[in-house]
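All chains are identified by letter, namely A, B, C and D, in their written order; residue positions are counted from 1 within each chain.
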Amino acid sequence: MNTIGSELRLTLFGASHGPCVGAVLDGVPPGMAVDLGRLQGEVDLRRPSAGIGTPRREEDRIEVLSGIVEGKSTGGPITLVVMNRDTDSRKYDRFKDVPRPGHADLTARSKYSECVDLRGGGQFSGRMTVALVAAGAVAKMLLEERGVRVAGYVRQIGGVRDQEDRGFAEALLSRSNEVRAATPELAGAMRQEIMAAGEEGDSVGGVVQCVVDGLPMGLGEPFFDTVEGEISKMVFAVPGVKGIEFGSGFAAAAMRGSQHNDPFVLLEGKVRTAKNDAGGILGGITNGMPLVFRVAIKPTASIARAQRSLDVRSGRQTELKIEGRHDPCIAPRAVPVIEAAAALALADLSMRGGTVD
Amino acid sequence: MNTIGSELRLTLFGASHGPCVGAVLDGVPPGMAVDLGRLQGEVDLRRPSAGIGTPRREEDRIEVLSGIVEGKSTGGPITLVVMNRDTDSRKYDRFKDVPRPGHADLTARSKYSECVDLRGGGQFSGRMTVALVAAGAVAKMLLEERGVRVAGYVRQIGGVRDQEDRGFAEALLSRSNEVRAATPELAGAMRQEIMAAGEEGDSVGGVVQCVVDGLPMGLGEPFFDTVEGEISKMVFAVPGVKGIEFGSGFAAAAMRGSQHNDPFVLLEGKVRTAKNDAGGILGGITNGMPLVFRVAIKPTASIARAQRSLDVRSGRQTELKIEGRHDPCIAPRAVPVIEAAAALALADLSMRGGTVD
Amino acid sequence: MNTIGSELRLTLFGASHGPCVGAVLDGVPPGMAVDLGRLQGEVDLRRPSAGIGTPRREEDRIEVLSGIVEGKSTGGPITLVVMNRDTDSRKYDRFKDVPRPGHADLTARSKYSECVDLRGGGQFSGRMTVALVAAGAVAKMLLEERGVRVAGYVRQIGGVRDQEDRGFAEALLSRSNEVRAATPELAGAMRQEIMAAGEEGDSVGGVVQCVVDGLPMGLGEPFFDTVEGEISKMVFAVPGVKGIEFGSGFAAAAMRGSQHNDPFVLLEGKVRTAKNDAGGILGGITNGMPLVFRVAIKPTASIARAQRSLDVRSGRQTELKIEGRHDPCIAPRAVPVIEAAAALALADLSMRGGTVD
Amino acid sequence: MNTIGSELRLTLFGASHGPCVGAVLDGVPPGMAVDLGRLQGEVDLRRPSAGIGTPRREEDRIEVLSGIVEGKSTGGPITLVVMNRDTDSRKYDRFKDVPRPGHADLTARSKYSECVDLRGGGQFSGRMTVALVAAGAVAKMLLEERGVRVAGYVRQIGGVRDQEDRGFAEALLSRSNEVRAATPELAGAMRQEIMAAGEEGDSVGGVVQCVVDGLPMGLGEPFFDTVEGEISKMVFAVPGVKGIEFGSGFAAAAMRGSQHNDPFVLLEGKVRTAKNDAGGILGGITNGMPLVFRVAIKPTASIARAQRSLDVRSGRQTELKIEGRHDPCIAPRAVPVIEAAAALALADLSMRGGTVD
């Protein structure tokens, strides 16, 4: 359903071509300064950029419906909405009968009947992540008050893979280029990968890496509410995500224990580890090292090329061409979304149980 | 915390060296036949096998404390316990001061104070998964009544990787060998990988693949309670898991959309897809294809080799050797645990909302 | 917090003098006809009436932000908002220092700091119930599809007590008079009770009775999610409620078992009870008889008379006079709110577990 | 279902005539001293007393399955069980066809099918409250660490009503007599009321009052998780409860606002109220005054007298006599149960959000 979280609770609502998308964020402590410009800035980060994204101009202006008075949280639920505009829903009619491969057209219609709102993807649209990013921006502020900062960057696009494991500062630098790569060189190569796919009427996938700095030891509520579990659940709500790994991740399968275990060391009077294959988590609880995870993003499902599909009424095979322009790669735009997802999960955990350091 | 699930709700309790480990499974419909022999069989599957596991004899006998009368569920909470025995907890005293690398010794003690029960790993021990498997066996029965079956196998151990994407039937065959490989040849190679690590006083990681057959279209409760999210949260509660991917997973990053999108086809009168890079899920909802996911398992943290650690009281670097014998690879034993985790998540989802097919 | 419910989940937001009050209702099945006129009608029922309520004109127009397209639910979250207008918040400044007796001024400010929004009562205002009634109207439609109808009426105001235990049809008749009494005679007497209090600058309490007709046997999820428990939790969220009782209620304390137990009888082929001291519930589960409960409403806390209070800054005793006009009795306006609360709790239960009849 | 609570979470399991009844209490902070003798003492308080209760000897010995090591909580889930013994279940067979008036025989069987375990009342038996009391005793210890104490007493039995509103100290004195009355005189009169009912093969109802002392200002998480709502939901899980009221309760209906509002005063440097018609709660949040509530308990449903019922198979009216001895009044035994319910709800709230004083 559309609510998640324990002591910091997020409810999403709206649909791609409905009046708005929005979020209710409940549990934000009173008296926190909420910089609306900053909120808007986060939302702007997920807008398509001229070069590699859709040219369609989305002006996503956040409006506050509750919970913030004179720039400060009141302790009541914070409600943020972004109105939708300029939506032409007619072209989606066809997908009722001929579902788009890689989209939720079929499963959503089967589950929710013909009355489901799939115009523009409805509740399954990437547009829902506008609200996620807005709420996540508040979660980020909450974390920053506790010295915790979240930064993501694009680790891979198509065949171009960043070989380095970037730290927080380098991840932040990705904000300087539109593909959200860690260096200008990588940005160039990744951009080409995206452009090439786009020119062929195709799309390409990617990997987003996220680094969380400044976490205290002690976040996480095992057995079930582990740091990994809470982040994963939030992250898999983001359309297009196919996998998540923490620290060494899938590479751990080929490793030896002697190589994988992170030795404990004393660093500035605190117990830390000499390296970070654990990704900052031991036993589902943060260990004071940077939290590191990677998220696999599939190639955009909407492509210009003709695709095989089925007319579900007649049962006949058919060919489907999706009109309009779509992002050939959503990985760059997914960066602020994954950051938001992580921030929301971590902020919730930070308001539960006790942490230590 | 130790409870998870909406309409099928699991609560775990116990500790590795406490009186028992146990599970309360709430929400099982009344009148379901519960084959205790089958339950016991599932639990036995996660016991270490003579060749590759620890020689320590764990006889894990399931006792029913509630919810099953005359072989049938009553509709009340089902409580299953397995008593612990023959535990020597003294050797764990040292780890209070010198935390074992790769273990939760430090984070658990920091979070829960000196009073936390870490004898044998306490609540962070793999032993907790006995209770998870027992509860999962009930969830499997519940799914089987609806025609849904779950099978896992070992896809990779160390450098040995099964190149094939096995279906349900092949996955089941893995039960015929102790490393849970899909073929005898792979079993041999993987066994060698494990033995080699063990002989060097080391351990090795692996990948478990899980296939769920017979799922109807329509399971999953987006926006947040997606199939992927629910399974992930459950899976990351299993000690040693570092990543999870569905369908194409991380390989999607290097793919084109035209290649990744699964075309819709008509199969025996039902809408299916021609291939399954989606892993059986579209928009967080099952699409009627087999659900496929892979889980990365890190190398066993307990190894015989000397490791660098820290005496947290004195702040001095020290060397730690962990006595006793430990599984050089837990991936084979993780198979029934991952199956159980998936079964529990899917059974819960199958009791919520409506499904269609 | 501001979210409640399992499979039908309500999130409230907004504040009395903020931009709006609103509700997100998640879990409404797709394809349900949602009559917006009917929605508006329910909301209008809680508006103050000329004779006995505040003359302040509240025009509460419901706007749909999501979840309803072309008059039908989409299966996505339904978001309803009512904008606030013409609010003069200045007079509330004083209550920061001198809390109003019977109000949440002190407890809210203590809990949520000075940043809490208490203008017009903020989130503690009866105005929040506009959103509750709007969401409850959707829940009513959901119940009506299953043949379940909810009707409340005023059972007591001050010294005037309706001696009869009214059934559903009689309860409905209360809609014909502004005090929501079951008969015109009672309406007259209750009206006088209210007017008398008002003329003395005072207020008076009351009792609202609620009858739910057409419930199947089998609603309720004990041990904890009993019908009584779910309704009570929802009802106590309504400002001003001091008690709730089901069936015989507190009168049961003076009864004998032989008198209280409802004998089973066969009625039109169904097992029913000869009388209904159980109030339609046995063991926390509906038994197919009408569900009956009563709710105690305290006298409006805001009164024109001078009251003793404290200047919490100086610690000096002071006298407080609350300006403006306030309802001398909120019981009549509470009727649709209590109905909504019951409808929401019952609709949620009806979407969980199985019911039988 | 059988789990309740947010940060302190209780799961009940077992059945009256199954192997045991038990509770898992999750979220108890580590390092709390848990006095098992005290735990046992609380459980013993709900045992029937020779004079007025059933002569059947219930020896309810608490066993700890997890969460307590060397007298201290570990931070893991605390599991407590009480084994059942000497149960003769045969006499319950008849109630499958002829449901006992006032019991859950019919509703439980309808909802959970013939497989429901109703021997001895199964999960609907008052016996489940043994586990509730055991868990509640831990919650009490948790509250006592914060200076909060809970005491209940019998306010009314049948026609005998205690006219005084007793404070905490007087409530505690009720432990000196078996009917749990506040004074010896009342104890005598109430005892007679119970004996008279018993001698006539009948039963009688009562009212339990509960006083909670030492609560800080600020407990409660409105809008929905009010103090009243949380306590009510827990209390209505207790078999036999028909109503609950806080502070003035139903008497508020006949009161004027000028009379009902509690004036604020300064007491020992703290803001308190001059009287306590609010029952210690304003706006769903504790206000620092004692929390006061009353619970209506129906007459024991099991009575020796012949009762009208129905053979649900044949549809014929019949007469039912319930063999064996039953408590003619459960109000005295309900006192520790209601205390436990309140303690559990309040301890959970005290672990959420912030409190102030």
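In the analysis below, a residue touches a chain if its C-beta (ideal position, glycine included) is under 8 Å from a C-beta of that chain, and two chains touch if they have at least 3 such contacts.
Computed from a predicted structure; not experimentally measured.
Touching subunit C and subunit D at once are the following chains: A, B.
Counting C-beta pairs in contact across A-B and across A-C shows that the higher total falls to A-B.
The chain with its Cα centroid farthest from the Cα centroid of subunit C is B.
Between the Cα centres of subunit A and subunit C there is a gap of 39 Å. In this assembly, the C-alpha centroid of subunit A lies 46 Å from the C-alpha centroid of subunit D. We define each chain's centre as the mean of its Cα atoms; on that basis subunit A and subunit B are separated by 26 Å.
Multi-chain contact residues of subunit D (touching two or more other chains) are listed as 1-3, 7, 12, 111, 123, 353-354. Subunit A makes touch with subunit B in their complex at residues 1-4, 12, 99, 101-104, 106-108, 110-111, 123-124, 128, 156-159, 197, 202-207, 217-218, 220-226, 228-230, 232-237, 239, 241-266, 271, 273-274, 278-279, 282-287, 294, 296-303, 305, 307-310, 312, 315, 317, 331, 353-356. Every residue of subunit D that touches subunit B in the complex is listed here, in rising order: 1-3, 7, 9, 11-15, 18-20, 22, 24, 26-27, 30-31, 64-67, 69, 72-77, 79, 81, 111-117, 122-123. Partner subunit A is touched in their complex by these residues of subunit D: 6-7, 29, 352-354.
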